[in-house]
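Pasting the structures here.
Paired with chain B in one complex and with chain C in the other, chain A is shared by the two complexes that follow.
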Partner chain A sequence: MSQGNFAQFKLVLLGESAVGKSSIVHRFVKNTFDDMRESTIGAAFLTQSITLPESKTTIKFEIWDTAGQERYKSLAPMYYRNANAALCVYDITSKASLIKAQDWIKELKKQAPEGIVISLVGNKSDLTENREVEEGEVDEYIRQMTEDGSVIITSECSAKTGDGVLDIFNKIGRALPVEEAVGGNRSRQAGRRPGGVDLGRTNRQQTQSSSCC
Partner chain B sequence: MISGYSSDENVEELNDHSTTQDEEDLHNILNDLIGHEHREVESTPLDFLELNIFKNEEGSQHDSDTNSILAEESAKLFFDRYIQIDKGNDEPLFHSKLKHFFILSSAGKPVYSMNGSDDIIIGYMGIITTIISTFEENMQEDIKSITVGEDVKIVALTKHELIFVAITKIGYESMSSSNNHEEDSILVNQLNNLYHYLLSILSRPTLEKNFHNRMNYDLRKVLTPLDFHNLDSLCFKMTYGLQPHGSDPIGFDYFMSQLLGSSLQNIKMTNTTRTQLNNILLSSKKLKEDKKESDKLSSFFNIKRDDEEKYIAEDLLFSFLAVSSKILSYLKPKNHNLSNEDISLLISMIESTELHEPDSGEGDLWMPLCMPQFNQNGFLYVFVKKFMLSDYIDTGHQKQCPPITIILISGNKNSFFEMQEISKYIIRKLLKHESFKLKLYKELLLSTKLSVLHDIKVPVIKHFVYKLTKTNQYIMSDIAHYNGERNINSCIQLVYFYSMLRNTKVTKVFKPQGSHKIMHPFSNKKLTYSKWNNVTGFMLCDDTFEFYCLCTEGVDSKDLISHSLKVIKWCEKNYKRLFIGNGVSF
Partner chain C sequence: MPPYNNTRTERRKSMAERRPSVSYTPPVIPHLAGLEKPQDHSLKIDQCDVLIMGTGLVESILAAALSWQGLSVLHIDTKSYYGDSSSTLTIEQLKKWCMEVNLGRIPHFQDAQIYIPGGKTTNKFNSKDYGIDLSPKLMFCRSDLLTLLISSRVYKYLEFQSISNFHVFENDDFNKRVTSSTTKEDIFTDKSLSLLTKRYLMKFLKFILQDNSDPDKKKVISDNATTPIKQFLTTRFNLEPPQVNELVYSLGLCIKEDTKTPEALAKIKRFLGSFDVYGNFPVMVSKYGGPGEISQGFCRSAAVAGTTYKLNTTLTDYDPELKTAKFDDGSRVKINEKIIISPTQVPKFLQSGYSEITDNLPVYNITRLITVVRRDCKEWMSDQESSAVVVFPPHSLPTDNIHTVQVIIQNGGSGVCPEGQSIWFSHSTEPDLNRAKTDLEAAYEKMESALLRESSSSDLDDVLDDTDFVVNARGNPVVANSFKLGESLQNFVPKETLDVVCKLGYVQKTYIKPDLSNVFHPDETNQNVVLKNLADAANDIVFSNMPSSEISYDGIISEAKLIYQRITGTDDDFFDVDFEDEDGEEDQSYATVQAHKPSTGAIVVNDDHDMSLDNENAIDDDSDDGHKPFGADEMEL
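Coming up: the complex of A and B.
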């Protein structure tokens, strides 16, 4: 680790079906886009790394791309329980999908580990003529949600054109407790679940609460 | 071990080229059957329209004798009009479709229709519910099937709150089989497959609970676009052996598997290689935690650990190594098994996730799936990883073997990372020895293309299927050898011929009393024969196997028998290479 630092974080994507979670992931991981992408069954696990030039840190994201369908909802806690970051995705052409994304934020605030980096992402920014969600509306919601001092990263992107996708992951990378992770390699290991050892929530919360943000 | 198949004595006899008594007997019977018919038919590439497979449809015979470009054109027109799935609002087009599937709730709410828009189908949903409930109320009996005239057959299956209906105008589906199969069994099976698909994604309790709460429940709300896509794909491949809107007949494997009674297709592989793969799966089950890392972890979390080491694969129930839809190796617990139906559902589901991304190698999937025959009340969790062996081999040339799919099934929804660990272990093992890696690669390159010409050298046989009755597993030759092409045309023909062959009345072969030369001790042979324009179909089976083949035109009955027996003997001799048997147990 003489040349820069390395940290590993878990990230989960949540949101209504068909808002483009898998498309965002595939744009980020493989820089590809498929208009005909099928809906995800259960969840897919992928990895991708970014480098933050200012701190010379390489961040490896372990990404859970979850299915948006209601019937998989009961599985969601398994994915965000260990997550360091969450992307709540909505489709800017669907108001209903924003409400769903807000529900996820609510659930994360209640159930997810303390200190999880939450991001609200509006996808399909290329479809401006069908826009149903105005940025002002999102800003107002964020203002209310962050009155308690918490932070929610917001952004818009288009998985189709690639606009703003990498930006989201860079923003999240900067918000993550990188120093801590690099220092003791702690949160990196806390995120892992090697065989059979049940990492109880209490333990993890201790490690999480000591992180910054 | 299959009785008497692999003893040296038999192999000796199998290689014996002199005509055995059996062969002669069979030849005589076949000759009686044919009535010494010997027709020379002009040898032209066959088009499915010329076969008149789909009777009584306008246009099916058009232009068949004009030039081939026109024939191709009319085949495409016919296909689009009568076969291809269409969800549009065009009512005449809807009525021209040869096959329909409907799923609806017993309250009459449509869940799925293979063809037609909601506007078109909604009226029919009402009619179907009326007919079915009238039967139920007046006769206290579930309606099973209705035949309209000679051409249309309607089969219904009711499962609690759901009604499944198939309507077919296809001759090979609606004709009642003269064999022992239960009447309409093919269509009823198709409906059961649709039901099992819904169970696999929802499980029985979810279905029940939803409908219990509200009779008027709209099941469509919980289905994803992928589910509708999968239902389309199921309907299409069960009927035609094809994928909707695709040109590669990758649905044919599934079709044959269904036709043979949920038989499982295997892949040819030498016994040593298969044993090694089995051993890798078996050893992965015994994989233990890396002690160093877990010690670090437990001290970090102050977790008191038991002295005994933990097995990573504790929750692992079943493992598969597969190539496309064919199983290479299978690991299971001693006291449990997955049925062929469940395995085929699993494979279909995995195939459906990658239709649009053949390069999905990087992502690991984790999906809940209910295996209806294993346990319809709960979910198992399926880990799927694609692995390109070619990436690790410096082959020089461009040949790539298809990816190996690692499928690990766990009973615990939180065990993803354990399964991922096991998959990494399996890959490490596959790559560990250079010689094994290369051997596996070479065998995989060949395995998907079983050739009647190269492997077995039986020129008169264009395509064959061999099923081992005991384990209900089958192999068949590459579809490419049938017409020289793997295309829709060849596929529809094979589907038709094999369906007809299955429906043809069989002749039982009785061994004459006092016959002293008996090849198979428990021989109970049956055979049947069919001839179409320029293709001859032949089936021979006994208690241990079923053999089906299609031959070139004007084949001599003597050649037909001797070449068929040659294939059968080849299969018997190579059965360890051809079939995975019961897999390996822990």
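Coming up: the complex of A and C.
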């Protein structure tokens, strides 16, 4: 596999309603922004890949939106299961949303698998005149969390202008255990494992696809 | 929007506290995740078309079907977890669940017992490592639910694993009849069988795989509509008891000796028709839990389509004139169409009405014994697999059981427990609860002794230690302490018992008949609670059913459609949705590991092998080449 490696990871979104979780993903996946969009994504999950030039690795993100189930704290265990990364989003114009994002980080510590890469992201960085959350506040929180042994990636972005969006996913990609996933430890990889059945293909289709090997 | 009503909540609590049963506080139950700090205390919606109470499998499919059709759905659950009666729970959740059952707070369940041997030091486990299904099920590779899982894309949230090993217990021993190397035809051409028996079996195979519209076959089936299958197979096909047992209980997964011929034939064909769809195995289980996991998948799909979810919420009142529902969080929501209520979540104010509806319905018991053992039970499973099925046919146990005991075994590889352990899910439909319990215990003992026997004779490392071996010059180990390997080895090994992490028993009641006839033909029997009306609630309220005793997912879609029809007037547009293909969704660059390479020498016995998977948008199977659930006189084989 000299021309590059491939790894797939599951990424979950968390944060208060209306902070722009879905918008960030739409900017990342489709490079669009829709002010009026509904708060749901009409698909199972979205996928987008990035390439890390230094390790010649392509990382495919399988991105799970909350689909509104976070609103009344009704996310199912399935949501957190095998998540490799989490995007905890707040709105820089709302201090309350930062506190909520911190609550979600606590929740992740309880529910999510060990070693999950957590990213705390301030959205709506274009609305500078309404800023309520100063970067210093976030730094202070991160300092405390680091003392407790947690590593959290921070960034700000604007899903509206696209500023900083790709950067978030690049940072996460570099923090993910890519070597492990590529090196055959499939347990960290969001995908089908040995003994699993791919329901997308019937036996006949599988025969065809496996005939080459 | 009604204001959050504090006084109402307080008054309700104090009333509850006056009940003596509430004074009991569970000692070691940790705070359940999701209970604390809800983001919004009360519902921020004014109205919805349909309110569904209970996030069980049928209700979850219903929520997804309704919301993809454009109806606004509010889906709540009185519990803090998804799944209701088909939930997948941790050990700590099960402890609490058992206490609630025994306090009468979870109707239709009773006699819950949980046994966790030893203390914190001798029996160390992490509760969250376990996912124990309250009503475990097997997924046939050709079934209507599987077709829906694929067309609705819900399968993308799930992982399925194959099961190819089916063991039948007879003559005090386990016979592995179907294994990973078995093809559909192998079952009928076992080398150990006499030529004559083989001929009879092939004759039966030819008969059962024949098209049902064949007039001769139709006649045979209608002539034998009430003939017990055992008699049918013995007299018409000259089959011997071992073959009958295998066909009826291992392949057919029938629960009684007197199972009628049409039902049993449909069930045997269900098994054979599920071979070779994805490989040489007829059934699958979903990883991390069965119905509980699938419920979560459909709830997520429903949420994507716009359903509002709120766990930990109870309906406290409903005004049929104003069509207003009130909840324990103080909120009020106008209900435009109907309210669907799971039998475990019937609110107090509706309990007498629910009793009136259900009082004269026959009740069926399902008794379950679930044991978590510190053994991976690999002996019983096929390579690469993590699950197996064990069946105890009628009269095979020392208790002379009348009903079959069916057991699903899953080890750490299926994500329901840690590696090196396994969960034995056994159940019986015996109506006499004492008998049911002794049958299940007897089956457990048989499995325990068989496992210990097999592992001690096949795995010498357990008996012999390092000092028992010397290595010869060529590097091969030679047994030095040879007297240990005498014939009496089995007796020599001290009688050990399995190391048990947790043992759980309970009884569940249902109004669904074991043959599912009141699901498939609700009108004829008029014995399905879904069709009953609660007169004093202006017929706005529909009750759903408890899970059936059926080990497969058969009947689930029919149940969901039946309720759907009550709400919308028809089930024609049930999940009639086109999902656009997403960009880059199919990624060929990462390989899919299959359980088994498809067999090359398979005889093609019928030509309707393929499910219509090529067209993922073909959602309903009305057309249809998908497996229809069996029905006593339906015979859509």
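As a convention for this text, the second predicted complex is superposed on the first by the 171 of 213 C-alpha atoms of A that agree within 3 Å, B and C clash if a C-alpha of one lies under 4 Å from a C-alpha of the other, contacts with A are read in each partner's own complex, and residues count from 1 in each chain.
Here is the rule we go by: a contact is a pair of C-beta atoms (placed from the backbone, for glycine too) under 8 Å apart; a residue touches a chain by one contact, two chains touch by 3 or more.
This is a predicted model, so every value here is computed, not measured.
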item	value
Contacts of A:110 with chain B and chain C, given as first, second, both or neither	second
First, second, both or neither for A:4, with chain B first and chain C second	neither
Dominant toucher of chain A (residue count), chain B or chain C	C
Touched partner set for A:100, first chain B, second chain C, both or neither	second
First (chain B), second (chain C), both or neither touched by A:71	both
Which of chain B and chain C A:18 touches, first, second, both or neither	first
Touching partner for A:46 - first (chain B), second (chain C), both, neither	both
First, second, both or neither for A:60, with chain B first and chain C second	second
Overlap of chain C and chain B interfaces on chain A (superposed complexes)	17, 40-47, 65, 67, 69-72, 75, 78, 192-197, 199, 203
Touch list for chain A against partner chain C, complex	6, 8, 16-17, 40-47, 49, 60, 65, 67-79, 81, 100, 103, 107, 110-111, 191-207, 210
Contact footprint of chain A on chain B as seen in their complex	201-202, 206, 221-222, 224-226, 229, 289-290, 293-294, 296-298, 300-303, 305, 310-312, 314, 349, 352-353, 355-357, 359, 362-368, 381-382, 413-414, 416-418, 420-421
Chain A residues touching chain B - in the complex, by the definition given at the top	17-18, 29-30, 34, 36-47, 65, 67, 69-72, 75, 78, 186, 189, 192-197, 199, 203
For the chain C and chain A complex, residues of the former touching the latter	33-34, 37-40, 43, 81-82, 146, 149-150, 153-157, 159-162, 276-279, 284, 287-288, 293, 296-297, 299-301, 303-306, 308-311, 313, 384-386, 413, 579-580, 582, 584-587, 589-590, 592-595, 597-598, 609-611, 613
